[in-house]
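Shared chain: chain A. Partners: chain B in the first complex, chain C in the second.
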Partner chain A sequence: MSQALVSLTIDGVEVTVPVGTKIVDAAKQAGIEIPVFCYHPKLESVGMCRQCLVEIGRPKIDRSTRKIVRDKNGDPVIEFGPKLETSCTTPVGEGWVVLVNSERAIEGRRQVIELILTSHPLDCPICDKGGECPLQNMTMAHGPGKSRFLYEDKMHLAKHVPLGDLIFLDRERCIQCARCIRFQTEIVDDPVIAFSERGRKLEIVTLSEPGFASYFSGNTTDICPVGALTTADFRFGARPWELNATASICPHCAVGCNTMLNTRREARSQGRVVIKRVMPRQNEAVNEIWLCDKGRFAHHFASSEERLARPVIKLKRRGRLTATTWENAVKFVVEGLQAAHGAVLGIAGGRASNEDLYALHRLMDGLGGRAVLHDQMAGGEFVQQAGVGPGTNLADLGSGDCILVVASDLHEEAPIWWLRVKQAAERGAKLIVANARPTRLDAHATHILRYDYGVAAHMILGMLHEINHQKELDQYASAETKKVAKVVSKANNVVVFYGSEGLDYAASHDLAQNCATLLAASGHVGRANNGLVAVWTHSNTQGAWDMGVHPEPGGLAAALKGQKAAYVVAADPAGDEPLLTSLLEQVDFLIVQGLFLTETALAADVVLPAQSFVERDGTYTNGMRRVQRFFPAIAPNEGMRADWEILSAVAAAMGIDSARPSAAAVMQDIAAKNRDYSEVNYPALSRNASQWPHVGGKDIYFGGTAHPNHQGLGVQLTPRVERQKDISFDWAAPRKIAHKPRYLMVPITKLYDRGTTVVQSQVLGPRLEILRLYVNPEDAERLGMIDEGEVEVQWDGRKQRLRSVIDEHVPSGAVLVPRSLGVPLATAVDVKIRPIAL
Partner chain B sequence: MLADKHKSEIKAILKKYPAKEKRSAVMPLLFLAQREYGHITPAALVEVAELLELDPTEVGSLIGFYTLLHDEAAGKYRIQICTDLPCALRGAEELAKRLCANLGIRLGGTMTNGLITVEEVMCLAGCDKAPTLQVQDADGIHYHENQTLGSAMELIAELMEKGSDG
Partner chain C sequence: MFAVELARGMWTTLKSMFEEPVTYQYPEVKRPVRPRFKGRHVLARYKNGLERCIGCALCAAACPASAIFVEASENIDRRRFSPGERYASTYEINLLRCIFCGFCEDACPTEAIVLEHNYEMSFTSRRDAIYTKERLIVPVPPGGDPTPMIVPPGSFDRAIPEMEDPD
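Here is the complex of A and B:
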């Protein structure tokens, strides 16, 4: 689409930009920096701080002829107004002459700083922002040396106001730019902070319960142009200039946000190098310049004291674990695997990197066994075929496009996708949200579809019917599916996010297949901004599928049948499902590789300490099939090895393969073997492109403290339909639901669960979910339950007592229980519920 | 609960605004709450927020912004004396000081009978008849111009009589 352009000169530089561009952005693009405080390229302009004042000259227009007046050389006569103007609110005009660094403009901005400083404490030496503070820098660059205002008139305000559990406010430092408030309102639609009072008394307040508890709160500390907002994690933790920065990828969900790990070696950590904070790293196609609070604040697990540090072996079953050398351990592993004669099963978790998964697959293959993924969501092969094409960026979706989110609560499962989908809807994209219960995304949906738990795939078939008119699909169609199917088929671009809420392996398989078929039938596959995205529960689940490691349709219990040895990597099946413990104990030889002494590790014959993602390099493939690289930020304890390294050493010792020297080398093997990854290699993953808005330059005031991306944007894989024109898609008839269970207990995902990686956060503690059973009011009445009462839930011969909460959002006939909080439930089950009398 | 006591009034207020723009009813509802309780109590704030599907913080922000909305209890009558420049030039500061001394309270304070609070405010747009004060009570706002200590004391006496009757 061609856009009308406007040309003007800014400080003598000729600039041509699209109509509507603000002067401040036009200048930035031309490399001329205009100081700003309240303006932020991701937010609407408000013109509140006046820091961006410039002189603007406009061509003089003859009022009678409405023509531009020209001088004797034929050049337009330029007229400057009497006042300075805010460049952040003024869109460019043809032929304008803007002066940023004229004497008058500089003086104007100097006075604004003087005014801002009338009540600023200038306590930079004890301020967390000192060293990366726009106000500090600007005062140095543009501020007056002396103030004409009275020192005694400075306001003295509270300096340690907790706005919530994670963010602290220093009222004296706030310069009232409202970036934080506007972020919460415009970008994340969670207006839990706001201004109160006026003038010099203006202050940020929250009156919400429980305060500033937005999932995105940490971002406000990045864009706050002063040290008024600090995080519970980093405040008074270190000075910015002491920190090293290492590029990484958030390991917590399938979005794969790009991060920067800020580390330092410090006495208070016994001279170790530790992570001081996690910062966003710009990747406009993935996380822009944002992170959710889980990604920012759940990093402490990596430096936990409880990490395994040496290999341990158990000589006799149920004997004691004894520490040993790596040499011995590998020998022991080799013997154990040999004794199994091919009856071996590899079990991996979706947190393992591509290199680890490939190495596990290779080893199992060489032994005549196989590797499976410990997960219950299916459909990875459909994402390989019909995933979103290279160049996909949710920011490009808007009017004329459509996004369908089915069986997922994006706000809890993949917060940054939630945010970006919401913004696409605000730009005019049609948003269809289909789930058995209301979720936070509903507020932004143009169409909401409800279905009973379990029949998500059926509903997609109803939509497909409207497109292919197959008779067999009649039964699934309804007025609603008809309506939304029209929206899908008319849209220019369609992205479908599917999750697995309430669905088991088979049901999520059907859902993925039918979504892919719908996309293909409506012509929305094989190009950028179209295709299928899986909302996986882990950061590299898609990578696992790509490496040939998928869940066993019948579950791990089935896969373990007849196995003599099992090799578990980055997973804790026994912790997740106690019933698996005895099955794992029944194999003759159990090897567990991981960070912690998990339930599974306790049952093992050998436990091998693995390096965490902060100590090594590797790659993850996110839900949009973007392969991204993370780098070692911290030197590992010498007793720990990278997962791929251990697996490769074992494979070498068993004569299966030669040992690989580096993760990069493993990636070369992957590229050689896997057509989808043929273009992927470490240098390619490290390639950059210039991104807008520019962040992280010396004009830190512009974008905030998000880091620029010098370490690579990753590579988005090409879906197979784009390459193989012969791929065809067919729908799957979903299994009939035999009966409507009395009560279906459905595990739902909450962002702050109590999984190992979250529970160790030093600051998220008060925000963690509490285990409760959510019940619909009518069901509660029928059952004779009270709010906050106790109930006993029975299923599969198991019993558990739970606190119950009555919640009108729960569909009738279902009860919801958040995952990873103590109820080992992989997928929805029939339950019996009995209230416990007090 | 406001919703129980003023059901029909709330309904009437909400009816004035399109259902999608419910939030526009925030000011009249806050006035209603203030009339009922003398100030906007934390519970009333939350109730208004719920009625309009706003976040309590958004509602609280408005109360902070508008000087005629109060989140703290005070007397039944709020005597608001303008001390901005024109009124100050005509002795408003002195008036406020002496009035408070007469009543035995500090500026911003409330008499023990709970009827009278004296506050200082910005320009009331009655500069031509300075010093100006206004009385804010449940019925609204009443102007009193060209004030002297005597006239202000008389006014207060009247208010105290009125206030103790009902």
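Here is the complex of A and C:
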């Protein structure tokens, strides 16, 4: 795409930029700083604060001839307007001359600051923004030393206004730039805060109940150019200059947002170094400069008091856990594993890093056993083959492109992807949302497809029919699939996000396969911005697949059959599925490695305390197959070791492999063994590129307090189709749905569940989901249920009483229950429901 | 020659025996200090007993010796330590590091930290050399209340009262 260019002179520097660029951005690209408050490079300009005033000179046009008037030397005559103009609202023009640092412009901006400061409390000493405050910096750099306004006339306003449970407003500090309001409206489509009143009385109010109900509210504190918005989590936590910063990766979902962990030694925590706040780290291809509130606030689990601190072993007969040394524990593990004679099963969770998973796989291999993933979503191999290629950036998708989201509620499962998919749709990309029930993304969809739970894969086949015209697929086609298939085949670029809502292992496998086939058949694989993305439930599930650790088709119960020993890493199968407890107990020797004394750990013979992601280094591979590195932010408690380190020590003690000295060394092994990772090593992961817009740095007013990325953008893996041209894709023979169950209970994902990594964050407490059973109104009537009534649900010989809520968005025949809130449900099941009379 | 010199020396000795001595018999007698002498710090209070320190850590930022550690918390009207929203829940000065430059005093927006006249500091352990808030803060003035205090809502909502006692 070639864009028309415009040349102009800014403070004597010749700049050439695309048509439509705002002067403020053009100046920035030329290295000339224009101070701004209300302008933000990610938001539409509004010209509300007047801080960006400059002098603009335009070539004089002769009115009669419409030609540019030239002086004797043939140079165009430049005419300056009588007034200063806002550079954030004015797009560049050919031949213009902009004066940023002329005396008049400087004086104009100085007066704007003087005016802004008339109603500012100047309580920088107690302001959380003090030290990284654009207003502070700007006053120092461009402001007057003295004000002509009377100090006594200052407005005194409320300083402690909770806008919700997470964000506080200081009315005095607000300079009314509306960045927060515009962010909520334009970027995340949660218009839950707004201005009320006018002039000096103007204030920000929240319109939602509960207040400021948005999954992205924390970002407003980053872009607010003053300390008017502060988070409940960090409030008065420390001064910004006292914090250390360590690059990390958010461990909460498959997006893999880049973060910066701000740490400080804390007297309140007995002098330990703790995480004070999590800040976004710029990665324009992943999270831009945003984080969702879960990533920002759910970090407290890492510094929990409940963390395991020493290895413990249980001598079977006595049945009590006793603390021991690492040497003893490893010896004990080695003996237990030897006694199993190869009948061992490794069980890992999708939270373990690539290094951990590789080390587990290596150990199990050496023992003659195998390692499996504790998950019920499948399809990782199709992502390896037909994933999105290097250079992919959702920000590049727009008009002429297409995104298909199937069986996933992105807003709850991967908030930042939701945000970026929504923005692509706003730029003109066709957005097809297919799910059994309405989700938030529907509001931005160009096409909405509904199917019955369980048959998502069939619907993709219907679309495929339109492309390959195979007769067998005839039965799946409908007018709707025809229509959207046309959209897919016509699009320049297509990205497919598939999830697992209501799908078990087999059904999600079929869905992934059919999506990959659809992409291949329509020619949308093997290049940037095209391919398949899995919306996994954990941060490194893709990495697990890549390390050769995947779920078993028959589930863990089948995999455990006949095993003498099991080695569980970063997973709690017994907690997630109580039926597995007895199976795990039947294993002769159970080793559990993790952060907390989980249900599974209680059944174990050895419990080994692992380091969390903040205490060690390692890598995660996100759903788009970008391998990203996290760094140690906090010195671990002596008793804890990294998962890969423990596994490598056990492997060494058993003579399987020599012990590895570092996570980087394990990554070298991975690169040597795994073709997909051959380019991956720690130095490569730390490579950088310059990104737009600039954030952090000394021009903090421009992009906000998100951290610039100096620690690496990661490496996006090349999908196999790009390397192996002979890969072919075929659709999966659709499975018959045996019978239409009367009621199908479907676990759905909510962002704020009550998993161990979330509940430890008290700030999120009021926002956590409450366990409810969501029922369709017609079904409720048939069952004789009332809203907010109590019901008894029965399945697989289990019973549970639940509070029910009638919700018209629930498809009839299904009842929905949020995951990780107390109903141990991995995948959809048939249930019997009986209302309980009160 | 020698005898003359000797006599002169003896005379000086004899003379000084009758002069008033310049040395003080410390610790029985203590030398008074000048008003601007910089001795050990204290944390001041307002007349009503509220702590002046608002936990801003500017003193810690200004300190060239990194001797000060401040950790702040939030005031509520039912548990108020200082005016405004913020107070120092932890305040420590390591007097082994302090060079008594007084920069902390200069940096303080509320005149909370003051280098007073006490120079009698000797420690038998490093830990003793760390003065905590409890050791630094002055006693509650007569008529004032101890902190934390319970105050009517909204009565002290300015952190930096214009440098006078907020009554």
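Here is the rule we use: the second predicted complex is superposed on the first by the 836 of 838 C-alpha atoms of A that agree within 3 Å, B and C clash if a C-alpha of one lies under 4 Å from a C-alpha of the other, contacts with A are read in each partner's own complex, and residues count from 1 in each chain.
Criterion: a residue touches a chain if its C-beta (ideal position, glycine included) is under 8 Å from a C-beta of that chain, and two chains touch if they have at least 3 such contacts.
Not measured: the values here are computed from a predicted model.
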item: Partner chain in contact with A:195 - chain B first, chain C second, else both or neither; value: first
item: First (chain B), second (chain C), both or neither touched by A:208; value: first
item: First, second, both or neither for A:268, with chain B first and chain C second; value: second
item: First, second, both or neither for A:140, with chain B first and chain C second; value: neither
item: Touching both chain C and chain B, counted on chain A across the two superposed complexes; value: none
item: Chain B residues within the chain A interface of the complex; value: 42, 45, 55-61, 63-65
item: Complex contact set, residues of chain C against chain A; value: 54-58, 60-61, 69, 71-74, 84-86, 89-90, 92, 109-110, 157-160
item: Touch list for chain A against partner chain C, complex; value: 123, 125-126, 130, 156, 159-160, 235-239, 241-242, 266-268
item: Touching residues on chain A, where the partner in the complex is chain B; value: 190-198, 205-209
